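Letters A, B, C, D, E and F mark the chains as written, and numbering starts fresh at 1 in each.
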Amino acid sequence: MTNSLPSRQTRAANALRPVRITRHYTCHAEGAVLIEFGNTKVLCTASVEEKVPPHKKGSGEGWVTAEYGMLPRATHTRSDREAARGKQSGRTQEIQRLIGRSLRCVFDLSALGERTIHLDCDVIQADGGTRTAAITGAYVAAHDAVSWLLAQSKISRSPIKDGVAAISVGIVDGQPLLDLEYTEDSACDTDMNVVMTASGGFVELQGTAEGVAFSRKEMNALLDLAEKGIGELLQAQRDALGL
Amino acid sequence: MTNSLPSRQTRAANALRPVRITRHYTCHAEGAVLIEFGNTKVLCTASVEEKVPPHKKGSGEGWVTAEYGMLPRATHTRSDREAARGKQSGRTQEIQRLIGRSLRCVFDLSALGERTIHLDCDVIQADGGTRTAAITGAYVAAHDAVSWLLAQSKISRSPIKDGVAAISVGIVDGQPLLDLEYTEDSACDTDMNVVMTASGGFVELQGTAEGVAFSRKEMNALLDLAEKGIGELLQAQRDALGL
Amino acid sequence: MTNSLPSRQTRAANALRPVRITRHYTCHAEGAVLIEFGNTKVLCTASVEEKVPPHKKGSGEGWVTAEYGMLPRATHTRSDREAARGKQSGRTQEIQRLIGRSLRCVFDLSALGERTIHLDCDVIQADGGTRTAAITGAYVAAHDAVSWLLAQSKISRSPIKDGVAAISVGIVDGQPLLDLEYTEDSACDTDMNVVMTASGGFVELQGTAEGVAFSRKEMNALLDLAEKGIGELLQAQRDALGL
Amino acid sequence: MTNSLPSRQTRAANALRPVRITRHYTCHAEGAVLIEFGNTKVLCTASVEEKVPPHKKGSGEGWVTAEYGMLPRATHTRSDREAARGKQSGRTQEIQRLIGRSLRCVFDLSALGERTIHLDCDVIQADGGTRTAAITGAYVAAHDAVSWLLAQSKISRSPIKDGVAAISVGIVDGQPLLDLEYTEDSACDTDMNVVMTASGGFVELQGTAEGVAFSRKEMNALLDLAEKGIGELLQAQRDALGL
Amino acid sequence: MTNSLPSRQTRAANALRPVRITRHYTCHAEGAVLIEFGNTKVLCTASVEEKVPPHKKGSGEGWVTAEYGMLPRATHTRSDREAARGKQSGRTQEIQRLIGRSLRCVFDLSALGERTIHLDCDVIQADGGTRTAAITGAYVAAHDAVSWLLAQSKISRSPIKDGVAAISVGIVDGQPLLDLEYTEDSACDTDMNVVMTASGGFVELQGTAEGVAFSRKEMNALLDLAEKGIGELLQAQRDALGL
Amino acid sequence: MTNSLPSRQTRAANALRPVRITRHYTCHAEGAVLIEFGNTKVLCTASVEEKVPPHKKGSGEGWVTAEYGMLPRATHTRSDREAARGKQSGRTQEIQRLIGRSLRCVFDLSALGERTIHLDCDVIQADGGTRTAAITGAYVAAHDAVSWLLAQSKISRSPIKDGVAAISVGIVDGQPLLDLEYTEDSACDTDMNVVMTASGGFVELQGTAEGVAFSRKEMNALLDLAEKGIGELLQAQRDALGL
């Protein structure tokens, strides 16, 4: 099971893996995007539903929510199917809550009207960074769903206020790296997932010391890398959307 | 969401939809096949695990089992994620049991040794016939996993005794049709899934009258269609495998 | 734990086991039938509920649905209680879906009006053929529930369009047999469950090769046996109902 | 749905309903008893398993445990199937714990050896008093299972130290009554379930004031009734067992 | 982990452990009581909700219900967290049903109006008698919630008809004892939980022989002890409430 | 339900709420700490178990893990009991995973030996900051459990490598604040939880923009506040432990 994409040997510490965004990857969903960060491949679909969850009923506002899943053999070793086990893991729930919050942050829920956009992020193949790929791809899928709503005259102006994208950064053997692959992610001392808007603000920041605690200085180095990478991802989104 | 593949208007009653079999679709699994029956797309992975379920422990025999899932937006309308709901539907269980039985039928479990081949069939996009596509694709994935076992010298001869493939047939407006698309499947009076081996025997036969009961004569017409279609699928499998 | 009923030694290959149908077996349900196929005993109750599931609300149509269960020690070895385990097995779900479809096929749901008939099929003692006994008994229970609805003037004409019954057939040591007992079922190469209407059509056909695949010719021999057996079961139902 | 058995109009306040105990009601279990208290019918099976739960492993002692269930239409109104709902109700758990404790109280677990007797009490038809009928019938089934163990020479002496039976008593309109039927149970102010051994001691006593609290004097009247009824039940058990 | 409170060495057979009732133990609930029976500490909160469960909707009546839980390390050995295991044990359900019934017995549900009082009894530290402490403390919490409802003018008169308290009694080495500690509870032959109203009636009585069955005479001795203890608990409640 | 503790009106933007740490709060656990951050009260127990989870078996290393729960009425409005609902929320799982990771970061798992320390953090009363109070209190409980292990000579040197504590910071109306109360937490634009070691490194950093994204400069202001607060918490831990 070899991997023909560039690995860190040929990739700079501050370089992203090749990013590919394929819209209309499946035919039924209002938005359907396959996003690839190197060998990581996540299918992000956006589905419009003409109703809202109980806490939004009658509010005039809509809702944006996400679910995350991984095909059992998306990884090196097969993992149990969550549907068969009868529950989602804590990790899965953590990730889907993160995706939902990140996307809601760039949505004007009043402008969406009382409807829900469901973002389903399913990992077809995993090689590190699935949650950041999911956020970055879900934005494009959500954008397509919004275009569909506009085309259908269900809304008159876009509820999307800003762009959003995400990347992982980490410290491996003392070296700050952008966009960790699986082997780097496993080996790293510190792992940080960063979500930023197109206008330059932070939406989510989750840093974890796997072994050794990290210093303020290291964190700043990581944020510099993240800002650079997210800038490139935002451009890739715009390119894919033809904006 | 248009569909540019040939529909029944341009397809004969006894014609399959275009069949495409892509091996090595993902990089981690021992077998990883994307199979397409027209717009229906199923990812079938085969994972080798060096242990067996309790009822086979110490038997010297292996096991072949299948799980089936559908991405929430593989269909026209988004369906609930089974992992989030906390259980697999009766339909899902029925299908994965069918896939498992069909594949075990062509396996010599002693020759496999005390290990398990897990077949995960995940529907990326659905347009009718997902279970028959899953069986047909799972065979190719299982074949790749067996080749891997042979290459690794974990087994000395193939445990695969025969080929196996499956197709749906049905009666729509009194007309027997091969390989039903979703719209045909919804409209049909009788729906039959047929699983056959390369040597010409039936492995599974599941016929259901949706409205009007069907006659012995109608059943024979359906089986004729199924035999023709399965012959073509078995050839497509051999072509894909370079046999 | 001996079995004094005639076994295959004294029973012809094309003979049913003794069939007994006892109506009013319990006192609360609108229909309550104990059906016996030899040592297999299934209690089938029909309960009328004056509401329908969500997908039928406001349709003017009713619903017919079935649930299946097996008492833990209905079998040779005690099996876990599904209520205690917290879920129904795939086998249970498969069977109850089959019973529901089979019965709905002979019902005019409009004539039933917006109400549900619940068919509960609980196996008191198992010796092969529980699902076919359940379908055959459930028909009689449903008929009694319909008579009750007519007597109560809740409906003015019977929604039952046709009779329905079911039997298993199989090939054991190359010999096609009607109405398999447990020991035959365990030993058989091919097992087929056939559901037919009184007017002679097929409603469900589920054939499975347990070991060796079966030929078209073998299938025809099995269907001949099934047609004979189902004819006798339909007569036993009419006798029990005094029709 | 009429009830042809004697009701309280023709039954004395201190009279049991007709008790019927049918052994060998089903053919597979080591003990299989249908017990009837008037219209209440409970099938009690005893299954021997040659292993014990974790807390008894290696102790040299056996275990006796019970499970309780009610067929969905054992009652006037159909209740949900616990297996389908995915969990047992608090009432079910309370009852099966009571049955288990009551039976263990008359068992010498060392004499049983490291094996388990599972008592499955399934209510076929309910008309009040199902838990007391279950205990009374389970004793007979357990006795048959012990006879089977002795006959198989798996044990050399009976682990049963004493007889045990149970009855309900209650106060309806100020009147203490023995063996409450469903309509009485619904109407009663106080409901008490009493479990006693053949040697005259109390094993379990569960009294509940449904509306008005009950006095010490009322309780004594109830216990007098219970002692009388349990005496008769113990005799019915001995008659059924031919002791 | 020593215990500085008086143990049975210095406590008479008919003496309660020191009882302490602390109102307003937490700040959010309408009633929030920490009750201590020696080392047993239970936090009982009463929460008012302005709706009722389905079976009371439109009845004009309210509902009183209880839930019970134990912190994982309230006991000598850590027990699994029920929320993590995904279900409440039979014991937990039994206890919370008992608490609910006991409290409802002293409530005039019409006077409460269509609202629910939820009683949450969470064991902070366990040393025997948690369920009786819970009932006794829940009464005080419910009383505070009622005072709050009166103060808010949501009701015009108290729906509380009577006081209620509970205690355990048991026979250890032939000696009837009041208010069992954990070590006594583990060692006892008979264990009885008694719930009584202030006006002197029994609400619940649950006696269980752990080993040897108990006689009528022993039961009477236990009830004498219970009546004495409950009298003292009712006084402690009144003192705490300043009545 | 008033709150007599100092609110932000009288508290500086960079001031913690009063911190109280009570050791030996319950009597059974090896460590049992009640920690209070103002009105937030969390009971943290540490339980030693002489076995490890499967992934550590035979590794010679121990494990430190955490579970988190909230009593139903710890909050303003009663929330459903997770044990009754049958599953832990995503929020609960997220928090307990955070606590576990934070504590493991300061543990030398080899020095712990093959045993597990379970940290149970149960919120008795909530007013914002429960997860940071839980981490800070769990450290003290874990320290007590380690002292117990040393006193029992089960280990010869402490596996605790460093101190650890946590605090929340946030931006409310443009103002960076330390240690958010519930009303502040609900109103804030950005909420950040920071976990640091005594030696000054970051262990976990979780920042979330609730509405407006936050800038690098704002994040630096928040981290300054967090460092100050955590310094004070580490001192409070040392004081409580008498170090």
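As a convention for this text, a residue touches a chain if its C-beta (ideal position, glycine included) is under 8 Å from a C-beta of that chain, and two chains touch if they have at least 3 such contacts.
Everything quoted here is computed from the prediction, not taken from an experiment.
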item	value
Relative to chain B, chain with the most remote C-alpha centre	E
Between chain C and chain D, centroid-to-centroid distance (C-alpha), Å	32
CA centroid of chain D to CA centroid of chain F, Å	50
Gap in Å, rounded to a whole number, between the CA centres of chain C and chain B	28
Multi-partner residues of chain B (each touching 2 or more other chains)	86-87
Overall pattern in which the protein chains touch one another (line/ring/star/complete/other)	ring
Ring of chains, enumerated from chain D in the sense that reaches chain E first	D, E, F, A, B, C
Complex contact set, residues of chain A against chain F	87, 90-91, 93-94, 96-97, 101, 105, 162, 192, 196-197, 199-209, 211-216, 219, 223
Residues of chain A touching chain B in the complex	1-3, 26-29, 32, 39, 41, 43, 45, 47, 49, 67, 69, 71-76, 78, 81-84, 86-88, 92, 118, 120, 122, 124-126
